[in-house]
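In what follows, structures are represented as C-alpha cells.
Shared between the two complexes below is chain A, which pairs with chain B and chain C, respectively.
Moving on, here comes the complex of A and B:
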C-alpha cells in the first residue's frame, strides 16, 4: 500500500509502506550485543584519592544484551543517564567495553577491527549533538567528499553529484546552496538533516541515530522522522534509534529496548510493549507522555533517577516503583518471557488487570 | 476586573548591521488572574521576544516600535525604571529558557536566592529564611540542595531551582520559557504538575512558552499560536485543538507526534518559516500553505473572530 497526499503540488507525506505484512517475514541478524558493560572511573575528590578507598565507578552500562536484524528499526528508550548514548558509542567502537562482546555480521569485533575504516561505513552514527558529526572547519562538501573517498566511491565529479543528491533527499533543497557551507552556517534542524545525508550517501547496514529529533520543533521533527522511515523502508537500512520520546518511537520502531540505569528493563515488539507493558518503568514512561489516556495510564514513578555510582540494591528501579516489595529491595529480578521476542525484568509484572484499573 | 497582563498590537524589531528585522509583528493577547496561557510556535516565531519585551529585558539591539503592554493597569513600556524593577520580581517573574546558563556556576543556590532577596526585599533575616523555605517547598526543590552548585544538580533540579527563585517575591505572574524542553518525560510531568498546583496554592497566573503542543494542551486554559511574529490563532485550548481554524494551526497540530496515534501517519509542514527581514507582504504562511489563493499574496489576512474568545488568522476562516 502506498499513499501520497498531494496538496497543490506539495507532497505532505511521502510514500508509506504497509509494515504489518512485511513484519511477518523474518530477516537475518546483523548485530548481537552480549552482556555489554561500560564502567567509567570517577574521581570524587582529593580526600578519596588519599584514602585510596576502593575504586569508585560509574556503571554507565551494566550487562546489556540485544540483537538487531536487517532492515528493522529498534528504539533504545529511557531517561537521561540510562546509558543509551554509551551503548551507541560502544557499538561504534568509540568507547572500549569494560566487558562483553559485540558481533557484527557474524563476526565478533575486537577493538582493532572497530577502527577499520570499512566498518565505519557499514555502521554509522548520527550524534545527539549534530555539531559532533561535522568538523567545524570543513564545509559539508569536504566532509562528504572524505566519506566517499574512504568508501572508494566515485570520481570527484561523481562524488559531488552523489553528495548533492543525498543533501537534496535529506530535504536541503536546493542542495547546491548548502553544500559549500560550514556547519555554523546552518540551523540545528538543517544540520541534523545534513548529518542524516552523510548516512544516505554511503547507505550503511546499520544506522545508530542518537536523539535525531529531540532538538527540533514539531514541524521539522516530522520531516526528519519521515526521512529516517524512508531510509529504512526503501534501503532496508536497520536503525537503532536512541530517544527518550515514546511518541517518536511509536511511529518509527518495530522493536523497543527500555533501559534504566544501565540495564534493560523490558524489550520486545514495539506495539506490544507500549500497549501492554510488563515493566512498571515502561508504564511510568508511557503515563508521563503527553496526551495519553489518563484513566488508563496512571503509573507514577516517584522522584528522580538514582545515581549509577551507588546503585540501589535489588531491582534498581525499586526506590521509585509504586509496586516495590521486600523481594524487590533484596533481589535483582531475572529475565522473564512475555511473548515472542519479548522479555522483562521484574518481580511483579503488570498484568492486563493492573493496566485496566 | 481588568486583565492582569495585556499585550496590545506589540511590534518588536531587532537592529542588524544594515537592516531591521521585525521579530514580533502586531501581537495582542491577555493573561487573566489565575489563568495559564500557552504561547506556542516554531523556533524563531518570536515567543521569547514577546516575553522579554513584557519585562523590558530586550537585548540592546531590540526595541518596541509600537503597541502597549499593561500589567495591573500600569503601562510597562513607559513605567520609570525603579517601579519596573519592583514589578519584575513582585509582579512578574521569569523562568528563562536556558537553565544551565541562568544559574551562576560559581555560586551556591542559596547565595543566588539571598542576592535576589537583598535587592528586592527589606524584611528581617527570619522572614527572608521563611520566604526561601516557602519558595523551595512550592517548587519541590530539596532544601539541602540549596547548598549545591549548579553542576552538582540534574537538569530537573536546576529547573526547580529556577522556578523556586521565580517564586521568591510571590509574583502574580510567572513567565516560563520552555520550562521542560530539555527534560525527560517523567521529570517534565512532575514539574508541570507542580507549576499547575502553583495556581491554586498562590494564585499565580502562568504564561508558558513552548513548542510542545502536548504541554499546552494539558496545562493551559488559553492557547496562543504564533507564526512569523504574528498571532495565527488564539482561544480556549480545547477549542483550538479540536477545531483549529487557521491552516497553520491545523498543520502544526497534525505534525505533532502522538503516542498511540492509530494512523501512524507523520505529517510534515513543507518548507521553512520565512526570513523575517524580507516578508513580502500578504500572508507570511503563503509559501507553505496548501490552501493559499491569489488574495493571500496580496493582502495580509486579519485575525478573525470565530466564536466566543476564539480568533484565527486566515482569509478563509
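Moving on, here comes the complex of A and C:
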C-alpha cells in the first residue's frame, strides 16, 4: 500500500506507528470478549400474541470473541447494522449482554462492576456525535468537575488543574480560555477534542472511540486522528476504534476486526488484512473505499445488508457474495487461521481465487 | 409582538398585581369588609370603584382580592408543577411498567372534567381556600407530567446521557441534575398558563357561591354583584376586569416564555 493516503481530500503523510518494528508479543492482554451476544426483543402487537407467532429478536451481536492488548489500536469495522457500535456499548456497560463474558484486566465484568466508578478510570469511551456528548447546560468545567468528583479524584483546585491539563493535551490551547465555555460555544472539532480530554483526564488503559471523526469536517479529521495516535504512542493507551471508514482504520489501526451482521468475518493485523483479505466481505469493504486502486479493487457486494431479524442460513454473507455455493447456503463457516493472529470465517477464502467479480 | 416583548408585558402585569398584593396593607384604603349605609354608590373620588350592596368599598375589595387570586395561582400551579415534573420525569426515565402505570393514571385524570371534580370536592368539604388550592393543584398536574415525560423521553436518548453513564454518574443524578434542567422549560411555560387557569377556576367556584367566605375574593364579589348589574354595574364589572387582566398577563407571560425558550432548545441539538 502506498506511503501516502488521501483521506477525503486531505493528504496524511505516513506517520503510522509500525508494529512490525517492535516486539509484537511485548504487550499483555487487557480486554477479552468471549462469545458476546446481544439480542433485542422486537415488540409485538396483540395480533402476534394471539397468533402465537414465534418470539422475534434482533440479533445485534451474535457470538463475537476478540482480545485487545495493551497499547495497541484495534479497528472494529463494518457497515451499519454490523453490531460494531453495540459491541462498544456492551463493553462499556451501557448495554447488558444477552450472553457471553467481557474480561477487563483479567477480571470478568458484571453489570454491577460496570456501574462502579473505579472502572471508569480505566475504560473510557468517546462518541460519534461530538455535538451531543456534553450536557448543553453545563460548561466544560462543570462536566470535568463532575467526572473527577464521581471518580473521587482531587480537591477542587486540583480538579481544575487536571481538567486544564487534559484540555491542553487534547489540543485546546490555551485551555483556560476554553474551560468555562458552554458546548454550544465550541466547534465540532473542538468538541471532539474536549470529548477526548474527558477521557484523558483520568488516563484510561483502553479508549473506545465510536466513529470519532465521522461527524467532523475533512479539514479537522486529520488533527483529531493524529491526536488519538499520539495518545496511543505516548501514553500506551489502547484504542478500540469503531468505524465504517477503512481509510481511517488503515491510518490508525494495528489490528482489524471486520464484522458483518453481528459476527466477525475476519480479524488480524491491519496491514496483512488490508493487503491480502481472505474474506470476500473485507475485499468488498476495501473496494468500496475511495482511496484504493480501482483497477485492482473492483469487488462489489451485491444488494443491501440483510435484516438482523431474518438472518440468512449458513454463511451470513452468502446472499451478497459472488462466490457463494451450496455449502455457503447450508453451513456456517468455521474459523480458519491465515497467519499469526489472523483468522477468517469463509468457505471460499480469496487466497485461492482471483480478485474478480 | 416578539416572544420577549410578550413575556415582558405579561411579567409587568404579574409584577403589578404582586406589588398590589404585598403593599395593600400599607395603603390608605378602608377595610374591605367594613359596611356603611352608603350602598350602591357609583365611582367617585371617595370610592373610586363605588360601593357594593352592603356599602363596602369595591376599590378596597379589588386591592385585597389580589392576594387571594395570586395565592391561588401560585400555590395551585406550584403543586401542579412539582407533581407533574417528578411524576413525568420518573415515568419517562425509568420506563417499563413504571411508565405504563403512571401513563394510565394520567389518562384517567385527563378523562375527568376537572372543573366538575373540583366542584364536587369543594361542595362536599366546604369552601376553604386552602382545600380549593390543593384540589386545583392535584387535578391539573397531568398536562405538566405529559410535557415533562415527552421531554425526558427525547433527552434520555441523547449521547450525553450515555457519556454521563460511562463516567459512572448515577441514574438519579443524571435524571435530576442533567435531564430535568434541560427539559423543564416547557413545563415552566405551562405552569404560567396553569396559574391563569387556577385563578379562573377559583373565581368560577366563588361565582357559584362555593368560595371561602372569610377571604376577600374577586369571584365572590362578581357573584354577589350580579343581581344588581342593571343598577350598579361597577360591583361585578370592575373586579371582573382585574381578574381578566391578571389571567391575560399570566397567559401572555406563558406564551412569551414559550417563544423565548424555543430557540435555545433548537440550539442544543
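Heads up, the rule we're going with is that the second predicted complex is superposed on the first by the 322 of 357 C-alpha atoms of A that agree within 3 Å, B and C clash if a C-alpha of one lies under 4 Å from a C-alpha of the other, contacts with A are read in each partner's own complex, and residues count from 1 in each chain.
Basically, a contact is a pair of C-beta atoms (placed from the backbone, for glycine too) under 8 Å apart; a residue touches a chain by one contact, two chains touch by 3 or more.
Bear in mind that the values here come from a model prediction, so they are computed numbers and not experimental data.
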### Message
Between chain B and chain C, whom does A:304 touch in the aligned arrangement: first, second, both, or neither?
### Response
first
### Message
Contact-wise, after the overlay, does A:246 reach chain B, chain C, both or neither (first, second, both, neither)?
### Response
first
### Message
After the superposition on A, what does A:36 contact: first (chain B), second (chain C), both or neither?
### Response
neither
### Task
Considering only the touch criterion stated at the top, classify A:92 as touching first (chain B), second (chain C), both, or neither.
second
## Note on the structure
Contacts of chain A common to chain B and chain C in the A-superposed view none
## Note on the structure
chain A contacts chain C in the complex at 89, 92-94, 115-117, 119-120, 124-125, 127-129, 131-138, 146-147, 150-151, 184, 195, 198
### Message
Could you list, by residue number, the parts of chain C that touch chain A in their complex?
### Response
158-160, 162-170, 178, 181-182, 267-269
### Task
Flag every residue of chain B that touches chain A in the complex, lowest number first.
42-43, 154-157, 183-189, 211-215, 217-218, 251-252, 255-261, 264-271, 290-292
### Query
In the complex of these two chains, what residues of chain A are touching chain B?
5, 7-8, 10-13, 16, 79-80, 187, 189, 217-223, 225-226, 229, 244-248, 250-251, 274-275, 284-293, 301, 304-305
